[in-house]
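There are structures below to look over.
One chain, chain A, links the two complexes that follow: it is found with chain B in the first and with chain C in the second.
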Partner chain A sequence: MNLFFISHIPVLIVVIPLCAAVLCPLLSRLSPSLGKRTVIVFLFVVFVLSLIQLAGIVQSGEAVHYYLGGWEPPYGVEFVIDGVNGIIIVLVSFIGAMTALFSSPFEEADKNAPFKSAGYYSILCFLVIGLLGIASTGDAFNLYVFMEIVALSGYGLIAIGEEKGPIAAFRYLLTGTIGASMYLLGIGFLYSATGTLNMADLAVRLQRVDNLPLIAIAMACLIVGFGIKMALFPLHGWQPAAHSYAHPAADPMIAGVMIKIPAYAMFRFFFCIFDSSLPMMKTIFNIIGIMAVLGILYGSLKALRYDKYNKILAYSSIGQVGYIALGFAIGNFYGIAGAVFHILSHAFMKTGLFYTSAAFKYRYGIHYTDRLGQVYRKMPVTCGALVVLALSMIGLPPFAGFFGKWYLALGAIQNGQYLYVAVLIISSLLSAIYFFRIFEKMFMGEKTVSEPAAPEEYYGYGKLTGKTEVPLQMLIPIVSAALMIIALGLGNSFIVNGILRTTIMEVL
Partner chain B sequence: MTILSIKPFLAVVISLLAALLILFFGNNVRPNVREGITLSAAVIKAVLVFSMVPAVLAGNEYYFCLWEIVDGVELAFRTDAAGMIFACVASGLWIVTSVYSIGYMRGHHEKNQTGYFAAFAVCLSSTIGISFAANLLTFFIFYEMLTVATYPLVVHYRDDKARASGRKYLAYTLISGQLFFAAVAAVYVIYGTCEFKAGGFIDPGSVSTGLMLMLFLLMIGGGAVKAGIMPLHGWLPSAMVAPTPVSALLHAVAVVKAGAFCVLRVVCYVFGPEAAGWCGADKILAWFAVATILLSSFIAMRKDNLKARLAFSTIGQLSYIVLGISVLAPYSITGAMFHIVAHAFLKITLFMCAGAIYVTTGLSEISTMGGLAKKMPVTCACFGLASLGIAGLPLLAGFVSKFNIIRGALIAGKPLFVAVLVAAALLALSYLIPVVRVFFGKSDRSAEISGHAQTVGEKYGGHAGYNDAAPAMLIPIVITAVVSLVLGIMPDAGPHLYDLAVIAAESISGGGGAIV
Partner chain C sequence: MNMDRNKDRKKIVGVFFVIAVVIGVFFLFPDLLPAVDDAKAPVHTYLSDYYIENSLEDTGAHNMVTAVLADYRGFDTLFETCVMFLAGVTALMVLSTTAKVTKPERSRKERLQISFGSTVLDIAFRIIVPVIVIYAFYVLVHGELSLGGGFQAGALLAIAYMIDRIIPSFNSSLGNLKEETAAVIAGVGVFIYILTGLLPMAGSGNFLEYGKLPFGADTAEQIRQLHGTGILLIEIGVVVCVMATIINILEVVLERTEFDD
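== the complex of A and B ==
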């Protein structure tokens, strides 16, 4: 029984939240909070399972293969989990569970609409399912299906957000559809050349394909597809609005994790499927590198221009996604390890910062950094976490952001790509400007937060006297994000050497 | 012999823990309890640091490694003689500054004292981390921590002026820090190690001269900014807007000395005298230091604000250390290291005097301080003593270090530097002695001052007609002044800091080989 259970963990990780997503609206009919609690508990169970799975992979040093329905590849769909996606699954399930917990005070506030609350949790759950699926699957078409699940739930969560949410969602829908179609087109080309959609099988059969133009076109389609989904410059158009206006409670998930998982998929395709000895690989990596460099500079410069907290964070994400792409463009061990590590660390940083943004909205309806003056006296824990997360974003040691940058810099120097090092430095300094500007406003600004401007602007209806820190359900995710940043920073070599090294070495 | 011991690590984290405690409880407990945390952490730290001195004097080293912080590099601490000197100075002076801070901050009824004392503790933790770091990456981590932890102290008053200086401070330190980071990564990739080694681990000729010079300059930039070498000194005078104990910390204990120490580590423990000489870096560094010494002295003469004059004096004195290092002779390195000690005690005395004068009388401009010695005799006497020490008069700590630096330069056959060093001592006299003369001179303003002192005294301390500074400020001043006198007469008194400097210089020249 025990063994049976363990061997089915890969699929349980996707199926358990699926059950929760379906059960949630039904259970909400019985009792308004039952559906919500089910989702939170189920997601925490998934988190535990993902940890067990990762421990197994690290112990055995081998990837886990799971054949759905017992159909063997290349005919059936296969889940393949190695060190890289094992830890990404842990990341997604952890942040998913935390975000579900984080959302609960928001939805409590809306007592008149129990069904809306159930719908919210259901969609959030689908988002998590999609992300877990992309991370788990070893099948290119299956990946497309999960990508669509992510996109559809993303549209919903953005549309139910703030005033401009529906417009932002519509923009994302248009661009996102193009991205998904490009991806589909790309794997269509690969399928026509090889007759298979299983990733491992693709890798083997592609070696015998000598139709190089076709592979090049497929690669171009994939870059555009993933580029749109991960908001890589210049394909980022949908992202700032979507991240600024999405539902504040779901925004941490959307901004922190949703754009990282396509980056992981990019790694799968460009390092695990395509052979690195292909003649056009160098050009492809240079193109990714140029996109990354321009994106890092563009995102950091744009973030300087905004006053709206979410906009600053959104543009900073465009830059940070550039870091990840930069690591792929560097393409050696340190480059890839830096990129994957940055997927993890940036996910926690951005999620945590969006948690703080949602906390400010929840308490005081603050959208603009100008109104953050002296807010730290009211919300000391939230602001303390913000400081840690922001310092990590700048890339100051001993926080996680610095070590991602360290590995990227090592990789770039090994390859003699000094331009990339310069870009990393410039981007750090630019982000120091916009984050220290927030610190200045927060710690040195005029006091502005005694009372919220209008009751409809904020979510929490509690009394705003004395210390008005957010409720515990919100505080736990905020603090855990900050603690994870410290832990990831200090323990980065355990992740890079203990978990990522074997997998990355295999594909190089 | 290497002794495995957790002591160096404990010495680093104790004040970090104190900072956390202060942040958590600071606003909920009485100020006395909060300051109790600071003081007890300071004392424990000093005891830990000083307890390691005997073993280091005997030629041993304490070593503690936490774990691999990144692939291939450990977060490790090693107490070599050079690090020991800096740690002793920093931890010893933390106690003094803490006592003084309490007097100053309360006397001045400052706001945000909790954040102030917490940031102070983090600064000290980083400083000890810097002195004990066993490799470049560990060093860099604490170096950046120091940058960030000093920022809240610089912007303490939170007005527009403080904000502007804070920005300036960050611009200088973060940019140089990032370049330092790039150089550390490059050195690690090229040489496969970043472990500090007396005499350096970089071989001359291992890379092209241009590349090595670039690496050196990128790395030294980090130290040069904090040590205030011109033209990278701009942040330092503006950081004067901070409360005086912070200025004392910036200019005597933590930040500028960390910069000088960074120069020492880079020149003597990363590149080594040989490689530094081979790529011509020592000459570049020396000329910048010479220019800084002369220019800063001339600027200092023209400053009427006492703290600003002291700031430029600091810039000059720090370049003295840098020049001592870049002469690359054993005596001058000994002298440079001992000047870290001597200047720390002398300059902290001067700054604490300036702060005590400001709190007690409200005066900050030198021209308004005529006849002050009548009202504050002890403070002014200590100021005079420290001024003479800065100028390098015999029987005071400054003499020992300057004499050694000059001796080294003479032996190395660099008479021009000798001339500069002697001239600098005279220049220091010319900008500090006038201040002392104003203090002890006659002035018809004395009635005014005493009137002000009375009102200030009533307002803050409740001592009507109070003359000299409050005991919490006066005692630290007297202690540091006496210590600088003692170190001048017996450089080896107490924890044998002079011997440590000699040991460090010997290990550098022993490892470096071709040192003059």
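== the complex of A and C ==
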């Protein structure tokens, strides 16, 4: 196993899809579907590399450092991969590759307009690159650069979506820019106090800084910055519209992963960089906790109000992001492990649910749940996966969603924060209501889904072929998301104790 | 109507409240940031001192800004270049649903005969454009020593194209680049940058470690020259990407707008 590229894996994970993304327009000139296929294949290669990398980290138990340009930190940029971000990189590359495959029927290569599918794939690939970069980097400014890549590709994918897409994208552009500026301002304050941008170095040098107001303001800026990016209540304003109107095939990536990775970055800052013995840390965590609690309740209640499938999922995401923030607010081992586990499980759940939403749009042009009546007869596999994913969202064992909440509850009980436990239970009940309402319409309602009588009444993305289930390129991602939920649920103790424990114990 | 006005008023109050809080914080804590002339502040002593003392030795670049931008933090600059490419592709994708405005086709011979409409502009065009192009190359290769670099040179080249494209009543005299082609070229520009980063891996170096470019360098002086080569290569990639992206966005917009003056 001593191949020469093994030591370069951390950077190859970012650079291989980058090659595909920038060459995609050129390759599509040579042959219309070549660029798109290159992106899909390269993303699967990255998934394999990320697995090799994670296996190495678990075996050795040590973080991997990669110095870009050969400059030692703090003079240059470095990548640091440990247990927590190792597994998040696996998650991002897996969902990225699956989403690229899933988009294939939506973006058929067209000989007359080869750029249409090539441009879409290029932007989607950049979204994956940006997320992989945020997860890999060990440098605060480099993280900002990747955040810009994520934001810009996000704006693009939302704007080329459905009819209200451009407006949703513009709103996200305004708020997202404020979020990015707040993050930049935050690291600007930290840089002015320490003179360094490397995260590990920041942690060391911040211990010697006695200017407490400055650290407090930097923290406030970072909370607002990450809060906007991860749509944490009350900074979620852009999120429901953006998640409802984005390009249907890219929506799973946007809704499932794009709002989780800033949450991971928040973990990096608040546990790995800031000194947890600071007196104001308790206040900061309480503020995050209040935002999380309000967000969980608000998201779950708002989701009850809508009939539009995407809107229900989007508001449910506001609540679910609250769970992750709640884990950080609890702040002990089980809290953080629960938060990271919930990042993983919710990424698969929400991505899978948005896959099913895109599948309904692809075949029947369905946007509203009242048109889902008896759809399970037409699309049995998709609906089976939907049931698994929704039950996991509600939090039934043995699916992954249950164990995320379980660890969070364990952490809250350990700290004596029983309010958080109550909120967890209430929001699970609320999510049971809105998902069972969808089940009711799908399985017990009157038959409202039907083949359009005439082609002009057909609103789906696919061609009218008389087939009822979606094509194989879309079925594989849907089924694999459901399978991953079961696998994560069954393997939860290995992930928490085998992979996450060493890293989290180091920072506590 | 009344409700709307009330809502607007609430929003304005909210905005002013946020601004007041932010300004208030800075008045409350006047010594948040170190003074500009504070020579002992960590921000002025830690990394800055290292770069000032060692950047020439390490990278061979006389211009410290270039040394940091293209060498110490070259990885950040790679993604800043990607932001340009991505902006171009996104603009193209977002506007691709808007219909293009049809313009009269002209043959190459006709296009060459079109003048700007006035003798002054005709003569000025012939003088200015070559000067801009020469200056762009100067800025590119000189970036290592003094001010300048890839982004500026790319913008200058794009301006030379833009003058030609915009002035003669929206029909280029040199023939125009298709927007898709410009995006392809921008992608190739970024790829030049990536390739420069990947080459050192063949010489057992890390990504973007110019000192280990596989061109056979042994002495410290030769390694410094390799750093210069690496910086020049990535700057060429940046020039190509920036130039093509500006042209790309310009074309996307021009193809879809009708000016009548």
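By our rule, the second predicted complex is superposed on the first by the 484 of 508 C-alpha atoms of A that agree within 3 Å, B and C clash if a C-alpha of one lies under 4 Å from a C-alpha of the other, contacts with A are read in each partner's own complex, and residues count from 1 in each chain.
The rule is short, and it goes like this: a contact is a pair of C-beta atoms (placed from the backbone, for glycine too) under 8 Å apart; a residue touches a chain by one contact, two chains touch by 3 or more.
Everything numeric here is computed off the predicted structure, so don't read it as measured data.
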item: First, second, both or neither for A:Y121, with chain B first and chain C second; value: neither
item: Which superposed partner A:I413 touches (first chain B, second chain C, both, neither); value: first
item: First, second, both or neither for A:Y245, with chain B first and chain C second; value: neither
item: First (chain B), second (chain C), both or neither touched by A:I149; value: second
item: First, second, both or neither for A:F443, with chain B first and chain C second; value: first
item: Chain A residues touched by each partner, larger count belonging to chain B or chain C; value: C
item: Common interface residues of chain A - those touching chain B in one complex and chain C in the other; value: none
item: Residue numbers on chain B that touch chain A, as the complex places them; value: 23, 67-71, 75, 137, 140-141, 144-145, 147-148, 152, 155, 158-159, 162-163, 166-167, 170, 174-175, 178-179, 181-182, 185-186, 188-189
item: Contact set on chain A toward chain C in their complex; value: 4-5, 8, 11, 15, 18-19, 21-26, 29, 66-71, 74-77, 115-116, 119-120, 122-123, 126, 129, 133, 141-142, 145-146, 148-149, 152-153, 155-156, 159-160, 166, 169, 189, 191-197, 205, 211, 213-214, 217
item: Chain A partner contacts - residues on chain C that touch it in the complex; value: 25, 28-29, 31-34, 41-48, 50-51, 71-76, 79-80, 82-83, 85-87, 89-90, 92-94, 96-97, 180, 183-184, 187-188, 190-191, 194, 197-198, 200-201, 204-212
item: Chain B contact footprint on chain A (complex, rising order); value: 334, 337, 384, 391, 396-398, 402-403, 405-407, 409-410, 413-414, 421-422, 425, 428-429, 432, 436, 440, 443-444, 490-493, 496-497
